[in-house]
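Encoded as structure tokens, here's the structure I'll be asking about.
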Amino acid sequence: MLHFDSDYMRGAHPEVMKRLMETNMEQTPGYGTDCHTANAERLILDACGLKDGKVYFFTGGTQTNATVIDGLLSRHEGVLAAGTAHINVHEAGAVEAAGHKVITLPSSGGKLSAETIRQYISDFYKDSSYEHMVAPGMVYISHPTELGTLYTLAELEGLCSVCREAGIPLYMDGARLGYGLAAYGTDVTLKDIARLCDVFYIGGTKAGALFGEAVVATRPDLLGHFAPLIKQHGAMLAKGRLLGIQFETLFTGDLYMRICRNAVQAAMKLKEGFIGKGYELYIDSPTNQQFFILPDGKIDKLMQVATFELWGPRNGEKTPARFVTDWATCQNEVEELIRYL
Amino acid sequence: MLHFDSDYMRGAHPEVMKRLMETNMEQTPGYGTDCHTANAERLILDACGLKDGKVYFFTGGTQTNATVIDGLLSRHEGVLAAGTAHINVHEAGAVEAAGHKVITLPSSGGKLSAETIRQYISDFYKDSSYEHMVAPGMVYISHPTELGTLYTLAELEGLCSVCREAGIPLYMDGARLGYGLAAYGTDVTLKDIARLCDVFYIGGTKAGALFGEAVVATRPDLLGHFAPLIKQHGAMLAKGRLLGIQFETLFTGDLYMRICRNAVQAAMKLKEGFIGKGYELYIDSPTNQQFFILPDGKIDKLMQVATFELWGPRNGEKTPARFVTDWATCQNEVEELIRYL
Amino acid sequence: MLHFDSDYMRGAHPEVMKRLMETNMEQTPGYGTDCHTANAERLILDACGLKDGKVYFFTGGTQTNATVIDGLLSRHEGVLAAGTAHINVHEAGAVEAAGHKVITLPSSGGKLSAETIRQYISDFYKDSSYEHMVAPGMVYISHPTELGTLYTLAELEGLCSVCREAGIPLYMDGARLGYGLAAYGTDVTLKDIARLCDVFYIGGTKAGALFGEAVVATRPDLLGHFAPLIKQHGAMLAKGRLLGIQFETLFTGDLYMRICRNAVQAAMKLKEGFIGKGYELYIDSPTNQQFFILPDGKIDKLMQVATFELWGPRNGEKTPARFVTDWATCQNEVEELIRYL
Amino acid sequence: MLHFDSDYMRGAHPEVMKRLMETNMEQTPGYGTDCHTANAERLILDACGLKDGKVYFFTGGTQTNATVIDGLLSRHEGVLAAGTAHINVHEAGAVEAAGHKVITLPSSGGKLSAETIRQYISDFYKDSSYEHMVAPGMVYISHPTELGTLYTLAELEGLCSVCREAGIPLYMDGARLGYGLAAYGTDVTLKDIARLCDVFYIGGTKAGALFGEAVVATRPDLLGHFAPLIKQHGAMLAKGRLLGIQFETLFTGDLYMRICRNAVQAAMKLKEGFIGKGYELYIDSPTNQQFFILPDGKIDKLMQVATFELWGPRNGEKTPARFVTDWATCQNEVEELIRYL
């Protein structure tokens, strides 16, 4: 059976496992106060071109989003996001459970535009009863989005501008950031992101780590009194070094980018294969998530040899389906899948 | 100056004030355990044709909505509502502050359709990852809606059906319920509402009371352990009898309906007047809220003699405006306004 | 039947009712933006000797406490309070429902001492794991306390000092503030309170108003973005002027102090009477709450002619009981009660 | 340097690491729906002697406590706990952040007594204003406690009885459960705990796992709709199998108990050593945490060769100190430490 349902089906990259083994019997203080975590922070800030940011490590995406959003918003504020945003749809209401509203805006291909945000904020403060409404307190984007699409540098610059004008932080969910950075044709680098976003996270769970997301606060004061908040959200790992060691490994010798490139190459090969066999793209994604429209008969057949995710309910004839590659997907897995088409 | 901005600009109906004066020096136990409150509950249940419901009194609409929704939902559930719903727009995120998501659905004229809800719930449980999403836990509607529109009896029956199929409660925000019940041409009675909704409230603040909303739970078990929740929401009035006395008065001798009818008559006269002068309706409302599209020059002139609310930002030529009547609006106020057109 | 159970059993002082009647048909804008509310704010700030504070009006004590505490605390902070504090015992967990911990400290006669607080804060920051603990973010006291006791000026100055040293606000719950200010022998004035506390409230519900508490923020920046928070807590009254008019009346011509003095005089007469008949004080309170230890046989007899509250469970022989007077208690009510002893 | 500060300073038991390596390239579905997790659940239920319980895996103690307590309590309820309880002191207010009150009761040696709880609940419902108070909704105990003490079987039976009488669940925090079960002289087995508690967790983080806690709900309905709640609390691990594999390993061939016994043996040797050298016990603990009273001069000297935790602030002469052993502590580490005394 071939598996293309998601990018969190395997464990960690062998290099990461090796380091976890090597360090296993070290005795270090807890809660991220160890030297591996400090080193990982330094390596990440370096990769981001940041001098005095702060890095906080988490164990998963929903946890990260809920805690960061809670840390950035005041009680009277909500987070602006696309209606399709992960925080709005697939996090079981974690943002609301912490008391904050997700204010949804129209989006296209999973992306928010600077203009939409500017208009919303402008209209908001023109409304005479705005004190009875939830104030826009930050902007949430994901890169890549849930649909595998990417912001261009110009679009990110626009988002950055509108947020700075409004005096609210721009936060990027980078659950699959590596795959976005490794995408063919993207003009966005990690340093751009660190320059344009206020807070973002570098996803590890889906990109080579056993688990782990590295939140980068580009200014150290952005997330004040964050340690107790992390604890309160149940997100402080006793053996914090486990996160430190994994990111230390991923950010040594360009490993993170190297393994993400593999996933993108495999995804591009997959796309080529599907197109070559005459299938239609549902969305044209340059990242490790590929979406095709498949006849339902073909879906049934493919499901006998491969796992993948239907993107929406079957409607009787054709249904979009998602195929995901990861750092470990190998050439012949893709070739085998394409042969079955 | 004429005032048509809202229906909460005056105090209470004189009959209500009279009773508050008469009872002022009575000594009664607190927190709604007095005889006036008990009597008000009985009168309201009678008017609703309910034998064993429960009535809870609150001091305002946002407080009522936040507390009732908190009482009806489990932690993993959210409330389905129109995007234009008061709870989604004008309550400062009170529902989210208590930890619950407002799940917005497409609506028309402020109204939700049974079909929209049925489809949403059906799709929801077909989604294999629905345990990562906020479950639909109740339906919120308002009657009249924020736009002065009304559900028909058939529409309410449809909403009731879909909620019962799904096993979730139907909750009606009745901030202006009296004006809806008194509307010309409505086929919905208070008894229908009590039969079709699980919980609803009868608005007093905008309809003759100094303040006060009467929540009717049509089955006594619907809002279990509700007293501590009311307290927790800061909604338990020490001198609870103040609410009891007001609703006792409003529900004696049909006073509530009588005074609401006055507002509707005035509103219909107003509508006639505007139409007679050639103005276009923005929405055709049969209730005490009337919406007209006015040329911006006319708006400026009218604002010298009357207060009213613009419904959206001015766009340079024509803007919709809202005019609201209430239980105390008198014939000559309306006539005077129309003269100024 | 004589009623001494509480100070919220009657309506409002006749002068307050008169003003509500006189203003009833005025049309004013909502949510506290009317002229009565502005005037009430000015009168209160004047009485407090404050130039640039802010006053916010609420409808009840629990609502006030929950909203103010939510406004003053950051998410990682809790409120220091006596174990006997109203917020810790009798508010159904409203503070916690908004996400904050009540950190209880040892108290004496319902009062916190500066030394206890200083020690707690000092120990807290000495603890190497304090980031895993709830930080002390403010101090809550009540004056009079739940036991009818009062802080001295020196004690309040001590509390003020420790809070300023620690950089956290001192908040006073003044549900019965008037009765405290009117107490025989107190050396604390309203101006002292305004000088020493950061935020406090002047209780109206128990002291002449139908309902209403006036929160005084002694610096305008203390409760930033407070309007949406008030709304979120369900505490924004549509007809906000009702609160404005009541406090306008109470703070015109010294009415508030005058009527509170009546309650204290009646309470002192009551105390004299009980002592004269040989009963033991449970607590020696100079305010409108009096606590005596009564033999259980006497309790049964008294309950046939008067209502009052037992202070704790009966233990078979003697039980403390609370008798409360208010602005309307008259001489012969007290005399009649004493005759029954 | 010798390390005795805590039991979470190393990685995982080599057997656990080995299994993580062996399974690393397996592809399994996410979120705990894999076969390792199912197998771990079965092994744990078997060890507990439970037929139809449910097991949920978490990554840390605070996360576990906050989520389980949120799952067990209704909104109007709080959790009864010792004042010294971890949830009351060292979890940064996570329970309150989710809206619940920790109701603290007097305790002795970190333990609650059945009698204290029974009295509290009885008094609570005798109070006429109990609907204004936070209802006791569950009991939290830890075993071993924060002080390394253990409940006897009779004590646990008493706690179970009082909870069943009151109809509220008994929840045991077992962060160090293995060390409690392996303690010399305890008469409590895992099966006893599964019989007497409603929900409890078996700590892995401090006992052989990289991270992980296994929550056992002894009846499947106790934690209804728990998956979305887990997600909401940020506690659903994408690669859930990581928890499954670790507990699968720990509960195969008695590994969990075997390695916990090692820690207890080392701790007993340590205790002997300290006593032999004339040091006084601060608390007599039969588990892997040992508390001694040390002269401050001795503390300074010891700190040059070993790390350990001071239990409270130094007071100038003698201070209690905690020494913790774990599954990996070896004989000569203990001997070396004792030599330094």
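Labels for the chains are A, B, C and D, by order of writing; each one numbers its residues from 1.
In the analysis below, a contact is a pair of C-beta atoms (placed from the backbone, for glycine too) under 8 Å apart; a residue touches a chain by one contact, two chains touch by 3 or more.
Remember, predicted model here, so these are calculated numbers, not experimental data.
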Label-sorted list of chains bordering both subunit B and subunit C is A, D
When I count C-beta pairs in contact, which pair ends up with more: A-D or A-B?
A-D
So how far apart, in whole Å, are subunit B and subunit D when each is placed at the average of its C-alpha atoms?
50
Cα centroid separation, subunit A vs subunit D, in Å, comes to 33
Rounded to the nearest Å, the gap between Cα centres of subunit A and subunit B is 42
Going by residue number, subunit A touches two or more other chains at 75-76, 91-93, 97-99, 131-134, 228-229, 231-232, 236
For the subunit C and subunit A complex, residues of the former touching the latter:
31, 70, 74-76, 99, 131-135, 225, 227-229, 231-232, 236
Which residues of subunit D touch subunit C once you look at their complex with the stated criterion?
75-76, 78, 89-93, 96-102, 104, 123, 126, 129, 131-134, 313
Name, in rising order, each residue of subunit B that touches subunit C in their complex.
3, 5-6, 8-12, 14, 17, 20-21, 23-30, 59-64, 66-67, 91-94, 97-98, 205-206, 210-211, 228-229, 231-239, 242, 328
